[in-house]
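Here the chain labels run A, B and C in written order, and each chain numbers its own residues starting at 1.
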Amino acid sequence: MIEVHKLAKRFGLKTVLRGLDFQVAPGEFVAILGPNGAGKTTFLRILASLSRPTFGEVRVAGYQLPKQAAAVRSRLGVVTHQPLLYGDLTAEENLRFYGRMYAVPDLDCRISDVLELVGLSARRRDLVRTFSRGMQQRLAIGRAVLHDPEVMLFDEPHTGLDQDACDMLDGLLRNVAGRGRTVVMTSHDLARVEDLATRFDVLSRGVIAASKPRSGLGKRNLLDFYRKALAG
Amino acid sequence: MRSQPKGLTFMTILSGLLFLGALWMVFVYAPLEAVMNYVQKIFYFHIANAWVGMLGFMAAAVAGIVYLVKKDMKWDIVELAAVEISLVFFSITIASGSIWAKPSWGTWWTWDARLTTAAILEMIYLAYLLLRQGIEDPEQRARFGAVYTLIGSLSVPITFFSIRIWQTIHPAVIGAGSSSAVGSFGMTPKMLATMFYCLGTFSVIFVTLLWYRIRLGVLAERVEQIKLQVME
Amino acid sequence: MERESTAYFKAIGAIVWKDLAAELRSRELLSAMLVFAMLVILIFNFAIELQPSLRATITPGVLWVTFAFAGTLGLNRSMAIEKDRGCLDGLLLAPVDRSAIYFGKALSNLAFMLIVELIVLPVYSLLYNTNLFNPGLLLTILLGSIGYVAVGTLLASMAVQTRTRDVLLPILLFPVILPILMAAVKTSGGFLQSAPMETIWPWLNILIVYDVIFTAVAFMLYDSVVEE
């Protein structure tokens, strides 16, 4: 589903990603771990077609980035740090806007379904400005699944959420991922990610330093695996 | 590129010699103009400076377009160099124009098309430099610089013609009746020769300065690169 | 192919609708622009003696200076909304050509500017007892605003991504829209004084030419300004 070959990204003279290789099969849920500044967000932005690679090949859902970016975008759902929602519009209006931008068919129906999915049906007519961060994040996920994408990218979605909100988010993530979607999520919160992902990759010094599927890992070992990958 | 390339040294010496030649031509060879005597001699340098300004303007515009097409950073350095040179030479043009205007028409400034357009161009250059200053990422800086250069180079000719039309309806109220400062005295063949010689000399000076400035830019980038390597 | 073009126009429509709907609720942008415009006119009243005899010649200038300055507020705010909550990424993620974003934003910016202008005109008319309901004048305002917004949207998209933000936009914009200002002032003045069409025509021409050139150029360059 996702194939990355020798990806390099430079900002001026600063190299953030150096010759990164990465593969994701359809249906996998990959968690990318790494310290701050490792390049996780940069990597995700490239996969999301928001940033161009300096070198290397990137293919998502069979299409090449950046050449075939438009085709990729219609199959991609992205949730970043920021909710990408307009505060002065209601939840419903936000979804309606994005629905139109993605030319989602049967929009009214879809909006209701999505609001149901993220548990915000009761607040559909409320301004997003009045939502808590947790609610905004849930609506953001709703926005991301509106057009039923095959691939979903999450950039540290638990940031700024309290315990309850995180739990609710996890439930939603499982739901969303469980429909055969391919998911890539970056995180620096190992505990959260442990129960969600099917595979763990560690991004360190601009490359994927280590990768291990869930089956190859016991409960305590994720932290060890992570530490070892960073040290090595 | 450790030491100065031979071509550049040659150009520098050539520029120096040609300039000395120009001084001789202007002060010795060219005849004294009947009405304005020595003040008129500033005209040769005024025109030559304006000419260099124009060369810089066109070079910047071309460099901008080439950068947007090729995305090669070298063209960004050329563009910046051209803008800086043009900025300086138009400043001298405006200053020399003022020095000429005062004894000739009793005023430091005339709102004629050429002078006003030169002033507007200076503002655009300063805006360009301010724009670049506010951007961290070199690639974004180059992109935005090129876009603004393009917009500016399209707008300035239109501005020039607009002022021309404005002038014919409202000729400059103060002093000079015509928008063409050149036509205020007839030029003998010797004067023409001097003028063209100066234009040629200053063209050579332009190329030399451009070369120096581009070299400076490339070397500066090399320094940045080495700095980064040392820090890592 | 056909579905692509409808998606394109749908996206433009969605952006315009979104901006207008959000503005209707908060009214931040319009109120800021209107108050500012009124203040500028007020300042002009004290800065320049608007004697009745001079009014005819000065009115176009005062109006266009007001519009130019109030316009930058609108442009800045409009792009800042997208940048601040990262919503620009949301727009960039949509599977439509980037130029659709340009046209969407430019159209909503145009709408806001026209709304402000259409409110300022009657107020000015009342304050200075000048009749500004002249179809020629209205046409000029439309054409001038189009050119202003065409370039302004592009430059605002750039300015909002720099450190100096709000301050930078007028510095970038004003030297480049001088032809519009000149042409708009001349055309407005011509229409207000019922001058013969031959005198107005060259300026009207400049307005139209500028609008066409810069809309086309800005549309082509927009990609370079939002891509990373």
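As a convention for this text, contacts are C-beta pairs under 8 Å (C-beta built on N, C-alpha and C of every residue); 3 or more make two chains touch, one makes a residue touch a chain.
Treat the numbers as computed from the prediction; the structure is a model and nothing was measured.
Ranked by how close its mean Cα position lies to the mean of all protein Cα atoms, the top chain is C. Using mean Cα coordinates as chain centres, the one most removed from chain A is B. Two chain pairs are in question, A-C and A-B; the one with more C-beta pairs in contact is A-C. Each chain gets one centre point, the mean of its Cα atoms, and the points for chain B and chain C are 32 Å apart. Taking each chain's centre as the average of its CA atoms, chain A and chain C sit 38 Å apart. Centroid to centroid, with C-alpha atoms defining each point, chain A and chain B lie 51 Å apart. Chain contacts: chain A has no residue touching two or more partner chains. Residue positions 228 of chain C are each in touch with at least two other chains.
Listed for chain B are no residues, as none touches two or more other chains. Interface of chain B with chain C (complex): residues 68, 120, 123-124, 126-127, 130-131, 133-136, 140, 143-144, 146-148, 150-152, 154-155, 158-159, 161-163, 165-166, 169.
Touching chain A in their complex are the following residues of chain C: 3, 6-7, 10-11, 13-15, 17-18, 21-23, 25-26, 81, 85-87, 89-97, 227-228. Residues of chain A that touch chain B in their complex: 11-14. Within the complex formed with chain A, the residues of chain B that make contact are 137-139, 221, 224-225, 228. Within the complex formed with chain B, the residues of chain C that make contact are 151, 154-155, 158-159, 161-165, 168, 171-172, 174-179, 182-183, 186, 199, 202-203, 206, 209-210, 213-214, 217-218, 221, 224-225, 228.
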